[in-house]
Structure formats: structure tokens, C-alpha cells
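Okay, got some structures for you below.
One chain, subunit A, links the two complexes that follow: it is found with subunit B in the first and with subunit C in the second.
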Partner chain A sequence: MLVLFFIISLAAAFLIAMFGRKSKLFCHLTSILATLSLFLLSLYALYLVNKSGVIVYNIGGWIPPLGICLVLDGFSAFMLLVLNFISFIVAIYALAYMEKYTDKYRFYCLFMCMITGMNGVILAGDIFNLFVCLEIASVASYALVAFGTEAEELEAAFKYIVMGAIAASFILLGIGLLYAYTSTLNMADISLAIAHKGFNTVILLVSVLFIAGFGTKSALVPFHGWLPDAHSSAPAAVSAMLSGVLIKVLGIYSLVRIFFNIFGVNQIILMILAILGAISILVGAILAIGQWDLKRLLAYSSISQIGYVILSLSLATPLGILGGLFHLFNHSVFKSLLFLNSGAIEYATGCRNLKEMGGLKEKMPITANTSWIASLSISGIPPFSGFWSKLLIIIACVQANRIGLALIAVAGSIITLAYFMKVQKVIFYGKLNPAFDKIKEVPVSMRLAMIVLAVLCLLGGILFIPRILVYFLKPAVSVLLLGTNYAFTVLGGVL
Partner chain B sequence: MRNLLLSSLIVPFILGLVSFILPKKNKTLACALAIIASFATFIVCIAVFMLKSKFYLDNSYIYTLQYFLVDNLSAFIALFIGLFGFLIVLYSSGFMKDKEELNKYYAYVLWTISASIGAVISNNFLLFLTFWGVLGITLYLLIAMGTEDAPASAKKAFIIIGGSDALILLGMAAVFQLSPFLEISRIHIPLTNNLAVFSFICLALGAFAKSGAMPLHTWIPDSAETAPTPVMAFLPASLDKLLGIYLLFRISVNIFDIQPNSAISLFLMIIGSITIIAAVMMALVQHNFKKLLSYHAVSQVGYMILGIGTANPIGIAGGLFHMLNNAVYKSCLFLSGGNVEYRAKTDDLSKLGGLAKFMPVTFIAFAIASFSISGIPPFNGFVSKWMIYQGIIELGKTGTKLWPLWLSVAMFGSALTLASFMKLIHAIFLGQPSAKKIDDAKEVPAVMNIAPVILAGLCIIFGVWATQIPLRLFIVPSMQTHLTFSGMWNSSLATILILVGLLIGFIIYLLGSLKSREVRQFIGGEDLEKNPQMNPSGAEFYNTVREIPLLQFLYKRAEEKLFDIYEMGKRAVFGVSSLFSYLHNGILPTYCVWILLGMIVIMLVIL
Partner chain C sequence: MVDSNKKEEIGMSFMVKTVTRLTAVVILLFGIYIVLHGHISPGGGFAGGLIIALSFVQVMIAFGKDIALRKLSEAKAAVLESVGGLLFLTIAALGFLGGHFLINFFASKGRPFTLFSAGTIPFYNIAIAIKVAVGLFSIFIVLVILKRAKKEE
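Right after this comes the complex of A and B.
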């Protein structure tokens, strides 16, 4: 069953590339059907994990240390659900949004390739396949950032490629060293080998390479240089994917998987991650508040929110991991929604500069209300979803006796509130710019996507009800808490 | 009982939702719905209060749901939330009649009522915080419905309130660390270690922001000019005071139990005193009466904090009573001020004057509330201030040297309050009519006078029968301790004496009026010769205060918003932000260097 995640998305990409040029309808239908079925599959995967624990699929029937395997555990199931849910919503949104671009079939093809890559990263059971899938997703995203082919987009994509390539070479170097040290590429096997040989300087060097490499992918400060340009130049649907899932799957998922499950929890590395997280929170938020370009502001805000996730995960306490993962999910929802809102505003007005906007509330009520909900949610105002994850993060910080980190988290959230209130005020309140007198609310498919996400922000608190939380997040949390037990569960049949 | 309690939350919420989705055209329907809903809520609150007091002697916690708890304090505050909610809706039905989006306005007001009641009766910290957060949202939405500049001040208000919510969250996390419970009634933490002090200060800052104490007060004067007047009367003037002081009371009496003469008590008293003096000084020189009133709304909070800061029963009871009194007279002032604005279409003092004979009811309500806020016996403000003074004197008995300072600050603040209300009454109601004639100068529709008259009546009742009604019913039961009054003010007797005095004065006046005497026009104690151009309308009273050397310096800085923590924070953050933006020059090699540098630093740390 796990192979289906690859097959569906890759097949959709190929089909669109082959037949999509002629028929727009075909592109739309294929992409929607593919993402919908992936979403349903990931729901089923979550159900399976809850019912029967970890699932290992050996490709070609070769047993794990020898052959390639796919692993579905609680953490992967959770990430799959986030990824495929957001991509489904974005696919709906793109139906109308991509109308203004030419060569739409290429967009859908690249889009599906990106999804293939991310599904692969999440399911990969060996570290080299993780790397390959990560590159598939990255290359597709480079192309998608450049999709507008104006000077700005191309420049952003170029920067993104260069920095992405640097990151990839770090990661590859790290994998090479790891292979030389442990003589295996299977992640579970690496874990066993490290446990056997001890945690020494080689592993520390590899850790540094991985922090830099995956840190660049997840845009932690100071590795974040590519993100503001890439996020703000890409089409809004792509920005939503980049910010909503790409940086999380390529960056956070890989980082956490490697440091928690393969290398085992190490205090120095956790401390470094906590510091990086705290710096990202503050720097991202402070940079965001000075921006007047809507999408750039949202991009910086992503840096800051990723900081929260990393900060919380780096506490490595049950509550910290729970808060981090919950925030990861919530951030996917509200940040995608905000990027979709920015796309809707750009679609209607053709402009991204906050200084030229104002009074759009009357003209675009659905965009205004959904973006209001998303803003409150990201600022952590109760009862919206962001509040609950922020609550968990702060309680976790205090419980871990890190009052300083808790204060940084609070300061970050106050600044976040401030810049989102600024966004709300300048876009939706105040005087309408006469140039926008004739604008209309966006088409149905875009509205639908925004409304679904907004409802999820509103209901985010419901996930907080213990019984649902257990079903949804507990498997993921327990995977991370058990740490290097990962190896035994994956290789269980073999050893 | 359980259903009754829940219905006080659900009724306004659901009817608010109905009003929210009503078509925009149905203004009358929305208004009628809101009046019915708020009245029903008020009745439910009365019922909760009455049923509770039947069991008063047995136990001060009457009945407990899993997440809600009503004790004497929350029942009494919920009662007044219901009352103010109803009065404001009633008043709005006249004042807001011609505004747009009335269905949304009433929806927000009803949600505010629901969330406020929820906040005071919830016993679970998380639930409390949720209701508290919703209040911030509705506050934003309500302020933003005002004039064109309103969104800016709404934004400021929400950033301060929402930011302080994050602090409350942090304080709550620390409380949760110190105590295994999340039920507020079960948390008792001694203020002995640093974490406890830290969490008290976080929670207290949240209470300060809500009630508008310095240094987190700056959203109130800013929104005063732009928000709709009933909103000012509703939120900053009454509900936010009730809630903010409710939180302060809960944390300092129930959760942490502060001791007299402790550092925390000193901290509260310093904040209280600064708030009293600084805000009243700002109020003295305002030209816009809503802004002037809003500075008083800040200044009065100082008394409540000072009272609670004394940490002895009489002072705390005084603080609590002052909270109630302030909510009553301050919303009365805003509402009767709103009447003036409704007719005169301006809130600039220099354009008003001589309205007393056109709007007698408004004038009398306003005057009573002014006497009350200035602490003139026999009105209610006097009684609570007197209790706070007693608290300070009690504190003096325990050996602190500072009590004369607190006492003189409180009394001086009271005198300045009286002075600024003299200015206000003179400028609006007495004095010369302004140069620009007010066309529509007549009494407002009766529906807009109901609320001010009821509130002014409460000012008198709570003053004259202070011990019999408010103290016996509301304040003393909430305290959960026995109160001893060292020098109780026998208000009924005093009232009779004052009345007799006035009567004698009136008789003397009648006798003496046979030969009247010329006096110079009274202009608030200012010297007319020095200010020949002074407009005797009253708007310019006390401008000479600005000229006093040190104060001149301070006023100037205050007008540059140098004492505004929000503006200062904004400047600091934007300063750092532009520095960071400068570093992000968009040049690829720079970013690549960062990646390398970052990696090298990490490598140095690890290896």
C-alpha cells in the first residue's frame, strides 16, 4: 500500500506531462483526483498506524538492511496527512488561480513531482532515498518558483537553486561520511551501528553538516537567505505549498527523524536546535514587521513560526514534542491560508504592496474574513487553533525550566500579533484605493479552498480535546519519544 | 442551577450569532433582539446572584460544575456585567441608530457580555484564558466600528491586550508548574520563590493591561477619541475595569495571597500611585472631553490597585468597592457625555458650553457622576476612597514608613480629579455658550437618558446607603474574611447633615440675596490678567499647569509619547528591523557566507 503514495503522484505527473498540453480539463481532473486519493490514503494510513503500529514495506521483497524499504510509523503518518491535505486544498485553489499563467500543464506536472518527492521523503526507510526524494522535491520547487519567468522570479529561483545546492552538498557529504562510518544506508541499520560503535566525533561532524543542510531546507536563521525571495516570487499556490509543507517535510521532518530516531537524543545538539529556533523566532518576527510587501512579510513570518516548531521539539519532553508537532500542523493550515489570501488579493488587485491597499473588506468579504481568522490564529489568540499549540509550547518551555525560551516565545508572539494587525489594518480597513474600485471577490474554487482552511483554524481547538489529540498526534509523539527504538521496530522482523 | 449558569453564557452568544447573520437592513430587528437578549441575560445574572445568596452562610463556594464555579465575587461581578450590558444596549438603541452594520455591532456587544460572564465564572485557567482572549477580539471589532481613524487605535488596543494575554499565558504556565491543579479555586501558592513572583507579575501585567493601569494604559486614551462612545462606556470604563480588577483580586488574594509590606505589595502600590497622579495630570490639560474622561478611567484604576496593594482587608475591600463605583460613575459620565456629543456633534471642549439649560437631565446625571468620581460625600466614590485611605492608614500601623506618601498621593489625586471635573462641567454645561452655535441643543430622546439616570441613581444609593446595600450585599461576602472598619463613615447620618447644611446655606442665600455682591468671573483659580486672551469657556483651564518647569518637560515628553510603552516598543522593534533589512541586501554571496558562517560556528560549538 505504501508504494501507492509514489505511484499515484508520479503517475499523475507523467500523465499530465504526456496528455495535459491539449486538455485543461484533463490536467485539472488528474491533479484533483490524485491529490484527493493521496489525502484519503493518508487518512487510511493514520488509521492503520493507530490500529496495527508500524508498517514496513520491502520493495522487491528484499529484507531491510539489504533492500530498500518504506516505513510508515506514527510520525510519517502524521506528516503524510499534513502534506496531502494541504496539497489537495492547494490543488483546488490552483484551478482558478493558475488561469492567468500560460503552460498550465507544466505547473501541474511540476506540482505533482514536488508532491511525489515529499511523499518519498516521509516514507523513505533509507537515508539515500530520503536524499533523492528531497532533491526531486527541491528541483521541482526551483522550477515552480521560476514559473512566472519574469526577472524577479528568475532571480529568486537562481538564489534558491544555489543555496539549495549548497545544502544538498552538505547533506550528501554527511550521508557519505555516515556510509563510510557505518557501512549501511538503511536508517534503522545506521542507528544500530551508531549504538554499537558509540557516539563520536564523526557523528558530531555529520550532525553539523545535517544541521546546516536541513537547516537551510527548513530556513532556520542564519540559513534562511533563500526563503523570502523564493516565497514571495512564486505563484501563491506554490508559496502556500513551500511554506505550508515543503520546508517542514524537507527540513523539520528530516532533521527530527535523523536526530531523534537515528542518532538518538543528544543534549548539545538539542541545545543548538533550541538556540537556532529562538533566534529564528525573533529575527523572523522582527524582519516581518518592517515589511511592506505582503508575501515577503508572510515569508519572514514562516521563518519565525518554524522557529517555534524547532524550539518546541528541541525540548524533547513529551509536551514539547506534542506542542511542536501540533504547531507544525496548525502552521501548515494557517500559513497556507494566509498565502492563499495573499494570492486572492493579488489576483483581484494585481498588487502586493501594502501601502497601496486599504478598505478591501467591503469588496472581498470572504478573503477578508478568512484572513482575519488566519491572522488571529497565527497570533495565538484564543479560541483559534494557533493559541492551543502556543499554549503547549509555552507550558512545555516552563516545565523544562527554560524561562528564557518561554519569554522569547512570548515576545515573538506579541510581535507576530503586531504585524498581523498591521496587515489587517492596512489591507482591509481604512480608505479604499480608487484604483481598486471595480475589483470583485475571487472565483469559487479559490473561495472554497480558503473557507475550508479557515474552518480548520476555527476548529483547531477541537483537536485539543484529548481523545482526538491521542488519535491524531499520539502515535507521532511516541515515535519521537522512543528515539532509537525506531531501529528495533523497523528491523523487528529481521533481528 | 447548572442550566441557569450555562444559559447566562449561551443566551447572549446564540442571540449574538443570530444578530450577526441577520441581513444588514434589519436594524430595528437587530436592536430589539439585542435588548431582549441583554435583558434576559441580566435577569439570569440576577437569578444566579439571588440563588447564591440563599446559601451564603453555608459555604462561600456555592455550586461547582466541572469547569465553572460561582462564588460570591464572581456572582456579584456577573450581576454587574449583566446590568451594564443591558444599559449599554439600551443606550445604543438611541445613540447608534443611524450607524451602519448595526447587526454586527449588537452581535459583538452580546458576545462581549457572554465572554465576560464566562471569564468570571470559569474556574479552569484555560477556559478563563479563552474567554479572556475572545474579549480582546470583540474589543478590537467594537473599537474599529468608530470613526475613520478607529482601526489604528483598535489595532493598538488589540496589540496591547493580546500581547498581555500572552503574558498571562506565561504566568499561567508558571502557575501550572508550581501547582498541580488548573482549577483556580484549588491553586494556592505562597509567594516565596522566584518563579512564583515571576508568575504573579506576568498575571498582574495582564490585569493592568485590561483595566488600563500604567504603563499599559495607552490604548484607552487613544481609542477614546475614535471609538463609538457607548463602546467606551461599555468596555474601558466599566467591563474592563470589572474584569481586570477581578483578575488582580483573584491572583493577589485567592491564588498568591500577598502579605502587607511585602515586595509585591510595594510593587502594586507604586504602580497604583504613579497611575493615579500621572493620569490625572494628563487629564487636566485635555481639550477633548472623551479623552479627558478616558484619562480619568486610567487614573481611577490607580486607586483600586493601591487599595489591593495595601493587602489588608479594609484596603482590598475598598479597592473592590472602588472598582464597582468606578464602573458605575464612569460609564454614567461617558454615556451622558455621549448625549452631549449626540446633540452637539463634537467632543471638543472649546466648542461646547452653556448646555445645562438645554439638557437638564443629562447635566444632572453628569454632575452627580462627577461629584462621585471626585470623592465628594455623600456619593459612592467618597465611601470607597475613604475605605482605601483607611487601608493605607492600617498599613501605617504595621510599621511601614511610606504610608503618608501613599495617603497624600491618593488625596492629591482626588483633589486634581475634582479640579479637572470643575473644568469639564464648566466647559460643557455652564460657562458661555460657544461661539459656534449648537443648532440642535435640546434634551436627547428619553431612551438615551434611561441609562445615565439609572447609573446616577446608583451613585447616590451606593453612597448614601453604602453599608446597607453595596457593602453588605456585594463586597463583604466577596472578601471571605471579616471586615473591621476602624472609622466607619456613617453615610446616612452624614447625608442628612449635609442636606441640612445645604438647606441652611440656601436660606442664608435667600436672605443675603437682597444685597448681592459683584465677584469676578471664576475661571478655575487661574489669573485672568496673566491670560488676557483666555477663553472663559473652560477648555483652557489649567493650561498654566503646563508652564511649571519640571511639568513642562514631562508634558512635552508625554506628548511625544515617550512614556507610551507601545510607541517605544514599536520604535525599538522597527529600529532593529531596519538594521536587519539592511543586512538582507539580496546579494547571493552574502547569504551563502551566512550559511557557511553559521555552520562553522556550530562546528566550533560542538567539536
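Right after this comes the complex of A and C.
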């Protein structure tokens, strides 16, 4: 069943490349059907994990340390659900939004390639396939960032390619050293070999390489240079994917999987991650305040929110991990929604500069209301989803006796509230710019996508009901808490 | 004689054209040989595909863009590339017949070290070769077209 995640997305990509040029309908149908079926499959995967625990699929029938295997555990199932849900929503949104670009079928082809890569990263059971899938997703995203082919987009894409390639070479170097040291590429087997040989300077060097490499992919602060450019110049549907899932799957998922499940929890690494997270929160939030380009502001805000996730995960307490993963889910919902809103505004008005807008609430009520919900949610106002996850993160910090980190989290939240209030005030209230007198609300498919995400923002708190929590988040948390026991669960049948 | 030839004076000199006429087919055949023997000798789908693409590239360098594109147009190349990818995926999915994705599902794999001795692997090689050959050729076409567009500006 696990290979279906590859087969469906890859086949959709090739079919669209083949027939999409002739018929737009085919292209729409294939992409919607493919993303919908991936979403349903990931729901089924979550059900399977809850029912029967870890699932290992041996490709070609070769047993794990020898052959390639795919692993589905609680954490993978959780990430798969987040990824495929957001990609389904974005595919619906793109139906209308991408109309203004020529060669729409190329967008869908690259989009499906990106989804293939990300599904691969999540399911990969060996570290080299993780790298290959990471590159598939990255290369597709480079092309998607450059999709508009204007000077600004090409510059952003070039910057992204250079930084992405440096990150990839760090990761590859790390994998090479790890392979030389442990003589295996299977993640579970590496974990056993390290447990056997002990934690020494080689592993420390590899850890540094991985933090730099995956840190760049997830845009933690010293490595964040590519993100504001890439996210602000890509088409909005792509920015929503990049910010909503790509940086989480390529960056956070791989980082956490490697440091929690393969290397084992280590205080030095956790300290480094906590500091990086704290810096990201503050720097991202402070840089966001001064922005007058809507998408650039959202991009800086992504850096800040990723800081929260990393900070919370680096506490390595049950509550910290729960808070981090919950915030990861919430962030992917409301940040995608905000990027879709920005796309809707750009679609209607044709501009992104905050200074030229104002009074759009009457013209675009749905965009205004959904964006209001997302803004409140990301700033952590009580009934919305963002509040619960931020609350959990702050409580976890206090519980772990890290009052300083808790204060930073609170401060970051207040700054977030400040700049989203600015966005709301400047775009939707005040006087209408006479140039925008004739604009209309966006088409149905874009409205539908935004409404679904807004409802999820409202209902985010529901995930706190114990039954749903046990089903949805607990398996993921317990995988990370198990740490290096991951090896035994994966190789269980073989050893 | 010279005047009548002037119209066809596209591409490189007469000598290069003659040598290309002789070698292009040989290079193509060599590429196909490398692909088909991928499982028993060095090389395989990728290397063979590269050589096949090079034979087309040679034709394009010697005779000019239009003649090479008459043999394999851009649209055809784009479709063929997807065909290569889909072919690989289909063979891999056919592995479900043997119980697993990507499994080598032929019951009898033949005598070792002969041409038909590896089950599905030659088919994978062919799929990869199509994809690589067409992919490389299209990259070359794009570079040529891009340069032309710049010149016209």
C-alpha cells in the first residue's frame, strides 16, 4: 500500500506532462483526483498505524538492511496527512488561480513531482532515498519558484538554487561520512551501529553538517536567506505549498527523524536547536514588522513560526513534542490560508504593496473574513487553533524549567499579533484606493479552498478532545519519545 | 555547382557532414548495444541513453537545427520522455504480479551471462534509456533555441 503514494503522484505527473498540453480538463481532473486519492490514502494510513502499529514495506521483496524499505509509523502518518491535505486544497485553489499563467499543465506536472518527492522523504526507510526524494522535491520547487519567469522570480529562484545546492551538498557529505562510519544506509541499521560504536566526533561532525543542511531547507535563522525571496516571488499556490509543507517535510521532519530516531536524543544538539529556534522566533518576527510587501511579510512570519516548532521539539519532553507537532499542523493550515489570501488579493487587485491597498473588506468579504480568522489564529487568540498550540509550547517550556525560552515565545507571539493587526488594518479597513473600485471577489474554487482552511482554523481546538488527540497526534509523539528504539520496531522481523 | 549548393549550406562543412553520415548511425547502434547489454557489461540505461542522445546531437551540430528536428521534433521529444517515465513505472508496478513493487517477476531468468538473463532489468534499462536520451536531446534543443532567441533580440 505504501508504494501507492509514489505510483499515484508520479503517474499523475507523467500523464499530465503527456496529455495536459492538449486538454485542460484532463489536466485538472488528473491533478484533483490524484491529490484527493493521496489524501484519502493518508487517512487510511493513519487508521492502519493506529490499528496495527509500524508498517514496513520491502521494495522488491528484499529484507530491510539489504534492500530498500519504506516505513510508515505514527510520525510518518501524521506528516503524510498534513502534506496530502494541504496539497489537495492547494490543487483546488490553483484551478482558478493559475489561469493567468500560460502553460498551466507544466505547473501541475511540477506540482505532482514535488508531492512525489515529499511523500518519498516521509516514507523513506533509508537515508540515501531520503536524500534523493529531498532533491526531487527541491528541484521541482526551484522550477516552481521561477514559474512566472520575470526578472524578480528568476533572481529568487537562482538564489534558492544556490542555497539549496549548498544545503544538499552538506547533507550528502554528512550521509557519505555516516556511510563510511557505519557501512550501512538503512536508517534503523545506522541507529544500531551508532548505538554499538558510541557517540563520538564523527557523529558530531555529521550532526553539524545535518543541522546546516536541513536547517537551510527548513529556513532556521542563520540559514534563512533564500526564503523571503523565494516565497514572495513564487505564485501564491506554490508559496502556500512551500511555506505550508515543503519546509516542514524537508527540514523539520528530516531533522527530527535523524536526531531523535537515529542519533538518539543528545543534550548538546538539543541545546543548539533550542537556541536556533529562539533566534528564529525573534528575528523572523522583528523582520516581519517592517515589511510592506504582503508575501514577504508572510515569509518572514514563516521563519518565526518554524522557530516555535523547533523550539518546542527541542525540549524533548512529551508535552514539548506534542506542542511542537500540533503547532506544525496548525501552522501549515493557517499559513497556507494566509498565502492563499494573499494570492486572492493579488488576483483581484494585481498588487502586493500594502501601502496601495485599503478598504478591501467590502469588495472581497470572503477573503477578508478568512484572512481575519487566520491572522487571529496565527497570533494565538483563544478560540482559534494557534492559541492552543502556543499555549502548549509555553507550558512545556515552563515545565522544562526554561523560563527564558517561554518568555521569548510569549514575546514572539505579541510581535506576531502586532504585524498581523497592521496587515488587517492596512488591507481591509480604511479608505478604498479608487484604482480598485471595480474589483470583484475571486472565483469559486479559490473561495472554497480558503473557506475549508478557515473552518479548520476554527476547529483546531477540537483536536484537544482526548479521543481525537489519541488518534491523530499521540502516535507521532510516541514515535519521537521512543527515540532509538525506532531501530527495533523497524527491523523487528529481521533481528 | 557552387551556386546550386549555396542554398543547402546550413550547418558545418562538407567533410563534417560526410563523416557524420557515416558515424551517426554507428553511434546510435552502439548506444542501443550498451542499453541492451546493460545487465552483463559496464553501462546501462543511463550511459546508453546518453550515447543515443549524442548521435542526435551530432546530426544537429553537423546539419543544423531543422534537419535534426525533422527526425525528432520537440513535441515528440516531450511526449517520449513521459513515455519513458511511465514505462518504468508500469514495469515496476507489474512487479505486484510477483507480490512486491519493483520485483523481478519473470519465473525463468535464463542462462547467466547471455543476453536474456536478467528478467525485467533490460526493460528497466530501455525505459531509462528512452527517458535519458530524449531528456538530454530536449535540453540541447532548449539551449539552441534560447541562443537563437537572444540573437534575434
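Basically, the second predicted complex is superposed on the first by the 495 of 495 C-alpha atoms of A that agree within 3 Å, B and C clash if a C-alpha of one lies under 4 Å from a C-alpha of the other, contacts with A are read in each partner's own complex, and residues count from 1 in each chain.
Criterion: a contact is a pair of C-beta atoms (placed from the backbone, for glycine too) under 8 Å apart; a residue touches a chain by one contact, two chains touch by 3 or more.
The model shown is predicted, which means the values in this text are computed figures rather than measured ones.
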* Asked: Which chain, subunit B or subunit C, is in touch with more residues of subunit A?
  -> B
* To do: Determine, under the contact definition given at the top, whether A:Leu376 touches first (subunit B), second (subunit C), both, or neither.
  => first
* Asked: Who does A:Phe85 touch here: subunit B (first), subunit C (second), both, or neither?
  -> neither
* In the overlay, answer first, second, both or neither for which of subunit B and subunit C A:Met18 touches. => second
* **First, second, both or neither for A:Tyr486, with subunit B first and subunit C second** => neither
* Does the superposition put A:Phe387 against subunit B (first), subunit C (second), both, or neither? -> first
* Contacts of A:Phe260 with subunit B and subunit C, given as first, second, both or neither -> neither
* Which subunit A residues contact subunit B in one complex and subunit C in the other? -> none
* So in the complex, which bits of subunit A are touching subunit B? -> 158-159, 162-163, 166-167, 170, 201, 204-205, 207-209, 211-212, 215-216, 222-223, 225-226, 228-229, 268-269, 272, 283, 286-287, 289-290, 376, 379-383, 387, 390-391, 394-395, 397-399, 403, 406-407, 410, 413-415, 417-418, 421-422, 424-425, 429-431
* **Parts of subunit B lying in touch with subunit A, wherever the complex brings them together** => 126, 129-130, 132-134, 136-137, 144, 148, 151-152, 154-155, 158-159, 162-163, 165-167, 169-170, 172-174, 176-177, 195, 198, 570, 573-574, 576-578, 580-581, 584, 586, 588, 590-592, 594-595, 597-599, 602-603, 605-607
* Structure fact -> subunit A residues touching subunit C in their complex are 3, 7, 10-11, 13-15, 17-18, 21, 57-61
* To do: Going by the contact rule at the top, pick out the subunit C residues touching subunit A in the complex.
  => 75, 78-79, 81-83, 85-86, 89, 92-93, 95, 98-104
